[in-house]
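Look for subunit A in each of the two complexes below; its partner is subunit B in the first and subunit C in the second.
On to the complex of A and B.
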């Protein structure tokens, strides 16, 4: 079901978005920065994909490259196909126009995601009118119902408020409502809960899951926190140094053998079962530089071995690589095939 | 049974007495249970005297032709530098040729305010367009806007104005346009800075993700953010315009006689100010109060903008 009540076609199934070898480079006085080094994954209709990785791993850049929001000087390569349309063949502006009507985005910082000098009504009504071509009155009604849908109390009154009159969590709810104005096929939450405290985080994540389920959207949940995506996604992609180092179904995420970096992330999650004063494992050193030369995944893995060894992970790499190579792509998982047939 | 906190706003007499006793003590800063927190305004109060003065001035300038008992600015109502009397026209005395000082101040306000408002609009238009393009597109556009702003600020403003007025004649449009061009470098720099700051915010990225084009982003997303920044500068710039126009008139390059202007009145009265100070007292005080009022208004708007930014 879409936000305006139109049922989605249940017959539609399969890949909604497919990235194949997405790259992004930026020339700077310090040299060529390789921001993305060949990112590939698939998002299926109605499913949730988690994208995890530490700061600087390329998560947000991947979203920007997908949406055509990279800096003008950045060179984006690879293929991105959305609902059968080859986005990489479109100019950035045409790509934004096309995606703006079908993809909703919730950005990280709710404090700066809304224009501080415009009322919520002005911002939402404009978005609704832009996407739906509605009259002002109808657009206001829809904006009000969207605010109501995302749990903003007294929506009619709050429409006249400015962003600074909302708390961080409420602003993020407003952002989600704005992202829903286009009845998106795909909702991207780019670190949507990072700037919020833990209790508010849960509320926002629950809301996103609920909306995703009710509206039948696909969703990309980007986070640096593996525990956030672990319980709320169907598939997970792990990014490191601008590339995808691991991708698997969420239910298999912690099933060995896993990529050393995924293992390192899992070791950094605090658990209640741990004895008190347990030190979490932390990788030493720094992530690879964006200025490092282009290298094959094998060469990159060999380079990164030093970091994995710092927390005692040293014998899984080969098994992991073997396993990843043997693993069928996510779209061709047997269970996915079964679901499609079903 | 749990104790209920006292209802807000309904304080008992002993509480009031206690609050009065501690009014000047250090404990005043401590918030008592049930007491409403003191709301301290981050900005200064509205400068009502400035608002009233400017309102009166604008109203008088607009309705000058219909004020009963007010003579025309060209009409001789008495002798040379006559002291003030109780008639409306003579309340501020007469000038060197026997014309009403009050009338010339009020009609002079038309010229001064027109120049201040129109030249500010011209400067603002140039500044916003050039600064917006430079700040939004950066690279070559920014270089061009920098060159324009640097060129304008490198030229001595008064000399530039004198040259323009000498070449094109001291007419109202010439002076207004020249002043607008001279002040525009200020607006170019301020606009560019504000635009660069605004476009790095995520709401611009969010609007672009929704499919908004450049023009729409500039007008709908970035432009409203310029209002707090420029709104506080505009009144102060208007004050500068009034002073510069007065300086031009004082130097003999302003609006030619008999059209009155405050600077021209001060220049004309300068020769006789030792013997008849009242001749220049009226225009000097009017100029001072108007400039002071514009600056106060600018300060108030700047403090409002600061308060608003602080909440972001």
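On to the complex of A and C.
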């Protein structure tokens, strides 16, 4: 491969992104926290991957480790290969330069990503000039057309506005436009629609899907909500306790035999087809602690199976109740949610 | 003039029923802001019966939170009437109101910002009881009972502070604090919006348990349609400070009539196609529904939608 990261022969190139046993640990007064315990998956060119998991499962940490944005004290191990380039062998500066030009990221809260005291124009023009080496005039032109592309009306006027002058949905569109400034090969949306209203959320998700298709980008869609990724991705990776516990084609996500945790997650989601006063299947117990000593995937599975299956048991109970009497109250209650903190 | 219009609304409000616990009639709420007067709630009427859960659903800025707060007079609406157990709350004295607040409790979206971080969780749960002057012994019993109802024990809570609990546990503590006063009406404002699906399920189940265990009424405010569906008996859809559709939850979701309700339902991300709602898109109003108010008319048994005559604003 060449220095700037383009593979010698694009036709022969493999996956766009490949993670192999990505780990992240952080030493703290409470002990060594294992934030990622060996995450492996691939993202094919032009395809979309959904990453799902509860808070603390390591979804965001995985994205940060991939981008080289982990806290300075965190130790990252394993391999990440982007377009044939071994990212883990690059110096941070070289890695940022490469990823900055090829990967666009949209985070959950645009207010913390945007500079509140600078106009959208100055922030976008800076990004375009940095990544593309354009002159001011051209950069402004590109910024305007990108805002237009993400569905911001009167783009030319809005360039002069500050972040607070946009609504939440519009701000997220600005973030998407900024992520597109480098014409990325990979777009990462990390809980990008979590804080938004349903109709706005749908608009943003539709926009992301449309851009992904039109621009032929690969996309990683990260969400705690399985229903967000279910209809919009080619493959899904389910994370739990800092590792990937289930990975399959989205179409086969609910084809039995389902992974017990994926099944548990799906049963916790309220659905429009449920009659009112349906009881949901809550996962009892706490997710595994980041301070647990490293163990093999098999050992970790065995440990976690107790929690994953707790929901299955409750589900069977519930089903038998529903077949006999609608709305029958549950007399026994699941184990109290334990010592989970934070 | 205002009075006249209020009366006219009352006569037409066919969805209002007899002997409700709470009735809200032609409620208006407005705020003064830097950019002018915002008319957040523009004349809405609904009621809640004993043991019933009403879902108030809509997007940011539709007035659902303002409505929930107006019920507790936090602050009261600018116009209209809120009756609790048949009594006009506006006529209550400060001490009557303080007593009534034990009967109407609220659970907010973010429990952490609703809690004093320096107080122990157990004292936070008992806070309302202290304000109501409940004797110590009784207080301990009531706190314990409230904690049990949300699936926590006094032992678990112990001497811990809010930051030592997870988001879901804190929300259950907030619910326990509200329940400790054994209220008749619980107003929940986006109680699960900041929680993960798995934790959210737990909190929703707690709310269902509470509903089933007694005659507690609830107003459940949320932007999430699927959440509202599973907890509510009735649903009111709000748009731009107005109710545009109201009726039994199952009816509204099976057969949404107002274009805005239809749009909301369409926007819900689906786990699979079995959740898809089949309805005939309502194109009669074109796009006028966005800016024009229409009369609520009965479109099914007890199911009303704003698809009638145009309302002329005075």
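Everything that follows uses one rule, which is that the second predicted complex is superposed on the first by the 297 of 342 C-alpha atoms of A that agree within 3 Å, B and C clash if a C-alpha of one lies under 4 Å from a C-alpha of the other, contacts with A are read in each partner's own complex, and residues count from 1 in each chain.
The rule is short, and it goes like this: a residue touches a chain if its C-beta (ideal position, glycine included) is under 8 Å from a C-beta of that chain, and two chains touch if they have at least 3 such contacts.
Predicted model only: the values in this text are computed from it and were never measured.
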Touching A:178, do we find subunit B (first), subunit C (second), both, or neither? first
Quick check for you: in the superposed arrangement, does A:139 touch first (subunit B), second (subunit C), both or neither? neither
Looking at A:220, would you say it contacts subunit B, subunit C, both, or neither? Reply first, second, both or neither. neither
Quick check on the superposed pair: does A:245 touch subunit B, subunit C, both, or neither? Answer first, second, both or neither. neither
Quick one: classify A:67 as touching subunit B (first), subunit C (second), both or neither. first
Touching A:120, do we find subunit B (first), subunit C (second), both, or neither? neither
More residues of subunit A are touched by which partner: subunit B or subunit C? C
Examine A:99 and indicate which partner it touches, taking first as subunit B and second as subunit C; both and neither are also allowed. first
Touch check for A:147: first (subunit B), second (subunit C), both, or neither? neither
What residues of subunit A sit close enough to touch subunit C in their complex? 54-55, 168, 197-202, 205, 224-228, 230-231, 254, 264-266, 268-283, 327, 329-330, 333-334, 336-337, 340-342
Can you list the residues on subunit B that touch subunit A in the complex? 201-203, 205-213, 220-221, 224-225, 227-228, 308, 311-312
Touching subunit A in the complex, subunit C uses residues 59-60, 151-153, 156, 164-169, 196-202, 204-205, 208-209, 211-213, 223-227, 229-233, 249-250, 253, 263-272, 274-277
Mind listing the subunit A positions that touch subunit B in their complex? 64, 67, 69, 93, 96-101, 103, 105, 107-109, 111-118, 126-127, 130-131, 163-164, 175, 178, 182
